[in-house]
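One structure is given here, and the rest of the page talks about it.
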Amino acid sequence: MSLIVKRVIPQLIVSIILIVMIVFYFFYVNKSVAGVFSAWDKALSDWAIIIMAFALMVGGADIFRYHLIQIRKAGMKQAPFSIVTILLELVMIAFALIGFYISYINPESGISITTQPQFAWLYTNVYAPSDTAVYSILLFYIASASYRAFTAKNPTAALLLAVAVIVMLGNTSLGGLIWPGMLSLRDWIMTVPNTAAFRPITMGAGFGAITLGLRLLIWREVSWLGRRE
Amino acid sequence: MRITKDIFILITIILSIILISIVAWVSKIQLYNPTRPLSSFIVLLFLLIAGYLSIHRVKMGGTFSVRDIAAFNAIEEGIARSVEMGRPIHMTIGYGSISSSMAPQYIAGLGILSHVARMAGKYGAKLITTLGVPEVIASVEELVREGYASAGKPELFDPVYNVRYLTDQQFAYASAVQATIVRENVGANIVVGPFYAESLIFMEAGNMVGAFQVAGTARETQIPFFVLVADYSFIGEEIFAAGAMASGDKESLAAIRGQDAGKLLSIALILLGILMLITGYSLTDLLNWVWKFG
Amino acid sequence: MVSWELFGAWIGAFLIIWIYSFAFKDNVLYKLAEHIFVGTAAGYSVALALDSLNRVAIKSLLAQPAASWHYLIPVILGVLMFLKYSRRYYWVARYGIALNVAIGTALAVRTIPMANIVRQLQAAIVPLWGSDPLKVFNNWLTFLITMGGLTYFLFTIFPKKPETGKVSATYTVYKVLYLIGVYGMMIGFGALFANTIMTRVGFVISVYLIYLQPYMEATVIAVILATIAILIEIRRRSRSKCMTLRRMS
Amino acid sequence: MNMDTLALVDKVFGSKILLYILLIAALIYPFASPLGIPVSISSRTMQVYNYVKSLKPGCYVYMEIYYEVAARGELEPNVVALVKQLFDKDCKIVFVSLIGTGPIVFSLLRSTAADLFNTKKYGVDYVYLGYVSGQEAAAASLAKSIKGTVSVDNYGNRIETLPLLREVDKATDFSLAIIASSGTDTFNWYVRQWYTPYNVSLLFVALSVIAPSVEPFVGAKQAIGMLVGQRSAAEYELLVGRKGLGLASMDSQSLTHALILVFIAAGNVVYWGKRLRTKKK
């Protein structure tokens, strides 16, 4: 019995939902049936959002556990930093809960989870700048990658480099100064060869995803199950 | 091809779809969704059937050869080398939700993770798996435990050291992963799954400590960074082929022929479409045909 | 009195400079900024989880419990995911994962045939003849690169390599298309890499104009602190290297 | 170029410290003293400008604001220039965000373009529905009916109290849907849920890094055109006559690009110098 419950039923759920959602998408039959299809389809994607929400809470608990163990085990080198992480996580969750509570006590105030004042302050002054900083640190990495990895080692790398230089020049006003035709060359590269180059990759990714969907459908893909009982 | 039970079921499914469609067409029932071209449904059925038939052929003993994917073979080499240097291995499959349309890419990443975990067990390497997909924390923990157990070294598995969930927020995840790569001085850095802007962050962090890097994604915008900076890279759908190879199950690998069938179909349709242009017919309009009456 | 708003702006500038310092060298101030960021982000993602749970489930369960009773199923499956910590009932978490894996895959599998395949096929069908020579050249190039790319990605169907000396027509056609595919992709990768620079520069400019320039004093202080932290790190790293050398010799 | 100069160049450029200091200098210098490099207008931007100009005055436009604070630098100037052109034609705009950071970046957008928004009345000329969760499913249900998807706007007003939302509800009521996004998936959603079923004409505003992979949609005529990054923003600001972040950043962009070209050249010189040197030995 245990094998059925541990492995067979979860995989059965996957196969049924895959087939059902494909039917909801492609079939119509008549207005009322189509209405039922789209209602159930919306219900299923709402279910996914709800399960994702609980998974995020499990994730939050996981981070809390990880840093708690770091404080106990990793000694002074790591402990103070883990304390900072845990404190900030709890503070953010506390303000969110206050906002959630207020949104039900007096809804007119317009305060909800993300618009709770202290929560918004932490978001605007701690989360957003850090997020932007990590996003824009990429410019430094592009500069060092340009120096180190962008060498014309072989013909393919040389072609990649040549196209990159043309598009870079075309992207800025520099290009226009060197050769007026640079902008139209850049536009040509972007619309003709570039589009054609990405088409097989887009199609291939589509074939790969569908084949993986097939393997899930016939229980040939079990990595998401984890342990092989 | 002997008609076995499953082929018989497959044929009855196909015949019943065709039969129901004919009956619906004759009696003017709006069977298919009027806003969705029928060609997409037919292409989907074709790919699923082609994939299933190739699996079936292998089940019946058929064999086929698979083009070598250098990046897949490089994984074992990278792990062995970093164990010699006494440095841990790092792998990550990305951030986000598995209930998004990136699910197939996360699962391909999980497939390769099970291979990496087995190699880690085989060479006795310390594996650090960082991830930002909350729904699969449990699956990743068990895959890594399974990897060590299958090599007879269950004692090497420590859930807190081996599996680190770092929030599903893109750049908090990226900042923690780049720090992990540098501070743990990883020897091999394996990055496979759907990646967004943070792809180059992981590649540069790996480069800072001179790690051996194998990376791949099917998200086109990030492929160039992996191709340029990583030692070996999977391009686009190669992550799905590698995921199937990693499962070590011949029949899953056979499904790749379904992908190739799709490519042959595309080549044929493009050629047919161009030929039809000469005669004035347009395959493009045919592909847009919608099941509608009046 | 320092207003909360100014205090917040200074914190923002400090965090940005310390995160940038990682590009130069990993240091203690980056570690602090990273842990602050991860802590805030962890709390933020739990808050978003509560927010979407509130919008999708709680609000409709309270408003019309009859119509939205079915939301209880995912709520139960979601709560069961906490059982991942238990040794005996770890597998119960799989039901929630199964649902999300299936829905995610279904969303992809049902829309890909149209968006990734049929639309791309339609765009790839172009006339290879015509009056305007540039258009014909463009169409031929598009046709060849698309065909080459599809040939490159063939995993299990490819002509055998003929022994030396003998030349098989199918193999040369395959090899030519394979190379066109590879070189075609390189054009795409080069164009994309170049465009990335435009975006990353745009980001740093907006960071500078929005967060750093208006609070120049905070930025300068943060840079000084970061430089000190990096110098400490370099000295500690070189000292520990001499120690290991001394131990080895 | 003998060996020690090569080693020197490699040491100088190889060490990240100097590389990044040069980079920061090239970035910030133009803001101290602008170089004023002229900006030429590309045919693709002109094509978008003419399309928007051809819309009938007083038309209804849907605008998706889907980016984080980090992407403001590249996307906001395009959005501001488009809003100026649309408001000048008395077009009415329904703003929506399918991303959590939408409300924050929209408030920043309103403060940057305060001169435009102050001339218009909220609820009559423009509306902001705020963050609608559900990603592609939300895009699909918004296409069917806005009133059926959201009950309140971003500021808590009930939908029925907003005059503009009595005039428009479904995707087909809009003559144009502008999608400004820092991601790629957003464009896919609107192609699949707005263009494919309802043939609503789409206009994309994308980051330069994302543009190449969104290009196939424009090529397949699923979108009427695309504005890409600060370059298009600078051109569009010239066309609508409102100087903004786009034009201000072009000098810095040009200088930084020139510097990166120098890095690439240096990298190749060092690489080939060493290779030829070892081949000669």
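Here the chain labels run A, B, C and D in written order, and each chain numbers its own residues starting at 1.
As a working rule, a contact is a pair of C-beta atoms (placed from the backbone, for glycine too) under 8 Å apart; a residue touches a chain by one contact, two chains touch by 3 or more.
All values reported here derive from a predicted model rather than from experimental measurement.
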Worksheet item: Just how many steps, at minimum, does a route from chain B to chain D need if it may pass only between touching chains?
Response: 1
Worksheet item: Measuring centre to centre with C-alpha atoms, which chain is farthest from chain D?
Response: B
Response to the item:
Busiest interface, judged by C-beta pairs in contact, is A-C
Fill in: Inter-centroid spacing, chain C versus chain B (mean Cα positions, whole Å)
16
Fill in: chain A-chain C separation of Cα centroids, rounded to whole Å
7
Response to the item:
Whole-angstrom distance, CA centroid of chain C to CA centroid of chain D, is 18
Worksheet item: Which chain D residues touch at least two other chains?
Response: 16, 20, 69-71, 100, 133-134, 136, 188, 196, 208-213, 216, 219, 229, 231, 253, 256-257, 260
Worksheet item: Where in chain B do residues touch two or more other chains at once?
Response: 36, 40-41, 44, 47, 97-101, 104, 107, 135-139, 141-142, 166-169, 171-172, 175, 197, 219-221, 223-225, 228, 235-237, 241, 256, 259, 262-263, 266
Worksheet item: Residue numbers in chain A touching 2 or more other chains?
Response: 22, 25-26, 45-46, 48-49, 51-52, 55-56, 58-59, 63, 114, 123-124, 128, 130-132, 134-142, 144, 148, 150, 160-161, 164-165, 168, 171-172, 190, 194-195, 198-199, 201-207, 209-210, 212-213, 216, 224-227
Discussion item. Taking the touch definition from the header, please name the shape of the chain graph: line, ring, star, complete or other.
Written reply: complete
Response to the item:
Note: in the complex, chain A contacts chain D through residues 41-42, 45-46, 49, 108, 110, 114-115, 123-124, 128, 131-132, 135-136, 139-140, 142-144, 146-148, 150-153, 161, 164-165, 168-169, 171-174, 176-177, 180, 183-184, 187, 190-191, 194-195, 198-199, 202
Worksheet item: In their shared complex, at which residues does chain D touch chain C?
Response: 16-17, 20, 27-28, 31, 69-74, 100, 133-134, 136, 188, 191-192, 196, 207-213, 216, 219-220, 222, 228-231, 245, 249, 252-253, 256-257, 260
Worksheet item: Where on chain A is chain B touching in the complex?
Response: 22, 25-30, 34, 45, 48-49, 51-52, 55-56, 58-59, 62-63, 65-66, 69, 130-131, 134-135, 137-138, 141-142, 144-145, 148-150, 160, 198, 201-218, 220-228
Item to complete: In the complex, go through chain B and note every residue touching chain D.
Response: 35-36, 100-101, 171, 196-197, 219-221
Item to complete: Name, in rising order, each residue of chain C that touches chain A in their complex.
Response: 4, 7-9, 11-13, 15-16, 19-20, 22-23, 31-33, 35-54, 56-57, 70-71, 73-75, 77-79, 81-82, 84, 90-91, 94-113, 115-117, 120-121, 123-124, 138, 141-143, 145-146, 148-150, 152-153, 181-198, 200-201, 203-204, 206-207, 211
